[in-house]
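Common to both upcoming complexes is chain A, partnered first by chain B, then by chain C.
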Partner chain A sequence: MPEGSILTDDFLRELMNVGEVDILVGVPTFNDGKTVGQVVQAVRAGLLKYFPRQRTVIINVDGGSRDGTQEIVRAASISDLRHVSNVNTLRTLHSISTRYEGGTSPGSALHTVFAAADLLRAGNCAIVSPDSTSLEPEWIERLLRPVVRDNVDLVTPIYRRHKFDGLLVSNLVYPMTRALYCKRVREPHPSEFAFSGRLAAHFLEQDLWEQEACQMGAETCLTLSAINGGFRLAQSFLGSRARPEQAPSDLIRALRQTVGVLFWSLEANVPSCSAATESEAVPTIGAEHEVTLEPLRINRKRLHQMFVHGVAELEPILRSILSEGTLAELRQIATVPEDDFRYSDELWVRSVYEFAASYHKAVISRDHIVQALAPLYRGKAYTFLGQNRDASANQVEANVEQLCLTFERAKPYLLEMWNGRK
Partner chain B sequence: MATPHASLKLQESLWYKDAVIYQVHVRTFYDSNGDGIGDFRGLAQKLDYLQELGINAIWLMPFFPSPLRDDGYDIADYFSVHPSYGNLEDFKLFLDAAHQRGIRVIIEMVLNHTSDQHPWFQESRSSRTNPKRDWYVWSETDDRYRDTRIIFVDTEMSNWAWDPISKEYYWHRFFSHQPDLNYDNPVVREQMWGVMKFWLEMGVDGFRLDAVPYLLEREGTNCENLPETHDVLKEIRARLDKEYPGRVLLAEANQWPADLRPYFGNGDEFHMAFHFPLMPRMFMGLKLEDRKPITEILQQTPAIPENCQWSLFLRNHDELTLEMVTDMERDYMYDEYAKDKSMRINLGIRRRLAPLLDNDRRRIELMNGMLMSMPGTPIIYYGDEIGMGDNVNLGDRNGVRTPMQWDGGWNGGFSAADPESLYSPLMLNPVYGFQALNVQSQKRFDHSLLSWMKRIIRVRKSAPVFGRGTIEFLYPANHRVLAYVRQLGKETVLVVNNLSSAAQAVELDLKRFKGNILIEMFGKNIFPRIGDLPYLLTMGPYQFYWFRLRKI
Partner chain C sequence: MWERFVNELSTTMQEIAGSIGQFLPRLMVMLLVVVIGWLIAYVLKSIVRSILRFAKFDRISQDAGAAQFLKNAALPSSTELLSRFVFWVAWVGFMLAGINFLGIAGLEEQISNFFVFLPRLFVALFVLFFGLWAASFFSRAVLLAAVNADLPSPRLISFTIQTLIILFTISMACEAVGIAHRTVLVAFALILGALMLGLAIAFGLGGQDLARRYLERRLQHPKKEEREDELSPL
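Up next is the complex of A and B:
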């Protein structure tokens, strides 16, 4: 790797051969050999079907896979050397792969994609997750079309989810982003998204890549950067997103990628957040689909236990983060029997905002602050599951909306805490 | 026996492989008698120009007596010259003058059909019992050969037309005023050979045979490329070789390469055939800035016998035909090259080379560079050597058949007639009009397109490898670069084309030519010796290189 560059000479040579493109699709991977082939085939089919005239490239940035991931991606190329039977294309479709430095950090992966997009002058870009086995060619169209046709700068997805899927998003990331930045982006930390070359260049220019928060949650950073930069946003209904088999549910990692970034972003954006008041809807494209309601087995009891144990075990830490009143209320609800347990929206929002203010003041290690939110989130998730057990799709949506409004109403409280008068 | 070509230097039987052909309609080139229509005496007067251009063969479009309802492809008399163009004596004078300059002459021959004004058809339709009745294809119903496509989809609803005189339908693959001859009738075959013999005796060097896939009809087929059709063509070739060796047959068969291949037979059918599918893909590759359409069609092009040759062209008198492309490709071509729907006709685009390429000199040169360096014999359409424009306001394909622009004077130097009496209006617009764009003005400058065309023809003719050599594609990773090696014996030429509007770097795998130096064929400059590493070239937008490889 040449000093001062994130691109290897070999990758640069490949980019040189690809040349300027209209559409770039990035696929960050790390040992995704089992699923990436299916994903890349769907991406390719989408590009050929919906953008046959555009100059396109699929770029895989790999964190050091040892399962043949890179070779699988490269095999998706269509050229005069690698003709694919039954595939009728106007032009060459490159599918190239490179390794990036920085382990499996999503920030490094995206940094490489953004750098490639910049060099190739890609006006329209998308990122897809290598484990999105339910990704269909139509997703590529739904993500990219608003960028290509309507000059939208960032298209985030709306998935068809089970009502209990994505609880962190519906109970924390979405409502808090919406309250702070006044844009109703349902997936601020998207797995699949599309963006314009303008936004890519803007994001690339910001000196964020070395920041730990951006390394962990570059997707959230990009969303917030787009909002704060006044870029045009849109959301696109995609469809059901299959969860990868045996995907580990790493809550701490998820919190770092989302809430950690949100907290971190406030450092620079509190002034603008203060000025903004009511949230605005983001244009949403495609056929809306309701949440699915089929029965789902979730170990609620365990969530409750983890909340109770967390509040007890982390009390010294929580004391340094939370106000006395909030902590007292948490201790109180931790004593309530499981069947009667309820973590109210108001208490939850107050807890989260106090965490954000403490993050700002760095009362303890910021990473510890983010980690300490985990048991509280579990308590909120337990409440949400119980509250919506028999709820219809509309009721679930109404409850999420209520929570969002609570986050919005309580925003002055955050600002008050932030400024240290409390 | 054939008239000996005493004055011709090119005696070798495979002369057509080394030829650079110029396609012209006598009507369009030069009017010697001031009647507003080009003629053979006028064409003969301009042979010096063609000799100077460097071409060594002319393909003449139909010049026979005709009602001219299809630009002469509706022949009413095969044994004469349309009076507007002169007479047989004028033709003979022209032919001899061409031969004296080392220029061979290929004439158009429409075998498939005649005009409905031809005496043969007039007799045939006169009654069902007329002896010439079965010289054409008649039917009581119009439901025979239903699997046959209609070619002129814009004007014809059926391949059958009702004849009110004899009260039967007659078969026509093209316009309804062009009844198809019946090649199942041996008398017709003999008669048509007699026609060809007449012109061969006159001294013509070959025929461009029009619409050859359609000579015969068979129920249950699409009536194209039938084995029986090939039998007829082979019979013609055998008689040609026996009685007139050295004369050539050029097939007009707008077909896919695999379907075209049988027209070469085992070297015993056509000498040459147009490579129709390649042409639109050259335009497509240029617009896409991607070599894939070009290399793919050439990969699908079967090998042909040693004594056969492809004929390559960029534009001709017809529309830029899009029959041999997929629907997706056709849509793309229309959108990119014929946004204005008036530019479209049938399944094609009625435009000339320069307007198609936005009058971009770099692209015009690149396309000509590819034309001249790919395996085949190049054909230049008259006027394209100076970048003439087209007039889409004229009907049918007449917009690409306007008078040759010789100078900026009266009627562009084409004719002394009143402008109103010209067979076609001249181009007058500020870009392509004769006052801005003509031979005389381009002759003045070494950097004009005309001067450049002379140079590239000269360089092409200096290297027999272009006409006779093998081709091998290099497939560099940069897909915007089309690179190939042409080889003939010890002669090796490397051709590298940048299809992109931007500068490109390309690495070529030339290991097997290690030790050779490259000599650029236009400037004769030396480029670095080929070593172990990939050979790096940087190329400007739409630039191309021809390198001769030399081991010194």
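Up next is the complex of A and C:
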């Protein structure tokens, strides 16, 4: 069993004291002292309110925080519940906090939670992000209910978000996952999600935890593994997702966690991807998709500048990744004045697929290939922002759908590049 | 007189015949060693070529920037070049060993020197190859980081890193083969010192404003800029 090597003796002792559970909620943390208390209280309230008859445990796995995150979690676990007034629990709700080995990577944190779930024979599990300050007790119910009641294996979230939030997901990760894996999962890299014990055991059995890509983007890895394994998927509308105080400004990290994993996953899955043709909808509980439209101040000019600068400066690198035709088109649009600039869907999809094929062929270091995509993403983001500046929610959705279809149509091009015929 | 001349001549002829009689077997052995050496070197070349092809060495050398260099110099691929190198080193080694059998005075020491030099040559080549690879890898990493951080002159920064690593590699390779040990060391120290002094002067005098702005940014509380990354990519 893999958990023997990853769970510390103290943690094992605590888990044995807990015994078997029905529901396990994992909260991976690293210096999240500001927000984690609120999140843990909401999780407790959700478990006590909606699953009072179940044996439940909250497990906080911490990467070595220095801001007292673990102490805050322990305090929140025994403090009064302000969220629910009439809570009558029939079972003891356990809370455990532990430090995991292996640095602060999301993969190590999830590995610890999965190993604990396997040990406690938890049939229903969920992971929540420690910075989701908008997390309501109802989210726990919406995430876990399909697993508990309908035997769904993986429940990914759908959030109400601003139309310009999550541009990497809406312009690349979602459309490409949908085109290649033929499942319309809106959040392939979920912050909150629920999964069955079956899926946890399946994921634990696989030799994925040692892979660098999986360590970086374990959430994406889990989603793709569930799709490939033929597990039952569902999506659940959770509500508005608060924008974190400090927005995740590291675009490169985001690319590694999502696009890097997506490219990496194709190594093993191209045969099955090439066999499937049309994408299928995933059963969704609640709203399919909601966006908010309030005006935002965005420095689009800087995005354009960074695209132009990136294409010019990275030309030697892009030349080894992209085909001559694609690079020539990129150079050409980089000369277009800002107001007339447009990075078309077709060119964007072709660029991304050529990046994926180059990643497969490892023409240069794979991490460098993922990093080199950043300036192109900025160009696409600039175009998307301009295209949808005054767009309604439906128009934004239609544009994303159009991009998804372009990704699906161009799939043979990727396979052709992949097999080295182009 | 005539009789004495004939005696001397016959003695000399006998000595020459004796020498040739002694030399011929050695020559035969040398030729045998050279021929066997050629066969062994050829087999070695084929083995090395297969291993390098299996390990996709051409791709690694392309990554290191060596492939482009070879192409510009109209040389064969890295795999072919390295396997040919192994062939020639092995064959020359056998040829020298064969010559050793001839027992020519003075050559033996030179031949043993050659065999002492061989490991150092391999170390130098190893250092050179991985140095070039490291220079290419790190210069690309720096270029990507600089472009994505929107730093000015990313190619200059990348080129500087590459040049420094290559200089360092060459000095290490020269030291490994023992070429002009002190000269290389002094030259390296001078170049590095001059480069750093030049950069310091350029940054401090030529780019006073830039230096001030940079230090202000580093030491004062940064003013929050309006950035595209405030839009969460995920």
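Worth a mention:
We take it that the second predicted complex is superposed on the first by the 401 of 422 C-alpha atoms of A that agree within 3 Å, B and C clash if a C-alpha of one lies under 4 Å from a C-alpha of the other, contacts with A are read in each partner's own complex, and residues count from 1 in each chain.
Assume a contact is a pair of C-beta atoms (placed from the backbone, for glycine too) under 8 Å apart; a residue touches a chain by one contact, two chains touch by 3 or more.
In this text the structure is predicted, and so the values were computed from the model without any measurement.
Of the two partner chains, neither chain B nor chain C is touched by A:Gly64. Residue contacts after overlaying the shared chain place A:Arg53 against chain B, while chain C stays out of touching range. By the touch criterion defined above, A:Met16 lies against chain B but remains apart from chain C after alignment on the C-alpha atoms of chain A. Once the two complexes are overlaid on the shared chain, A:Gly229 sits clear of chain B and of chain C alike. Within the superposed three-chain model, A:Thr92 lies in touch with chain B and out of touch with chain C [touch as defined at top].
With both complexes superposed, C is the one of chain B and chain C in contact with more chain A residues. In the superposed model, A:Gly386 lies in contact with neither chain B nor chain C.
Chain A contributes residues 164-169, 189, 191, 243-244, 247-252, 254-255, 257-258, 296-300, 302-303, 306, 309-310, 313-314, 317, 362-365, 368, 371-372, 374-375, 377-378, 381 to its touches with chain C in the complex.
By the touch rule above, chain C contacts chain A in their complex via residues 59, 62-63, 137, 140-141, 143-148, 150, 154-155, 226-234. Residues of chain A touching chain B in their complex: 13-14, 16-17, 19-20, 52-53, 55, 79-81, 83, 88-92, 94.
By the touch criterion given at the top, residues 284, 288-293, 295-296, 299, 326, 328-329, 332, 473, 475-480, 500, 502, 504-505, 507 of chain B touch chain A in their complex.
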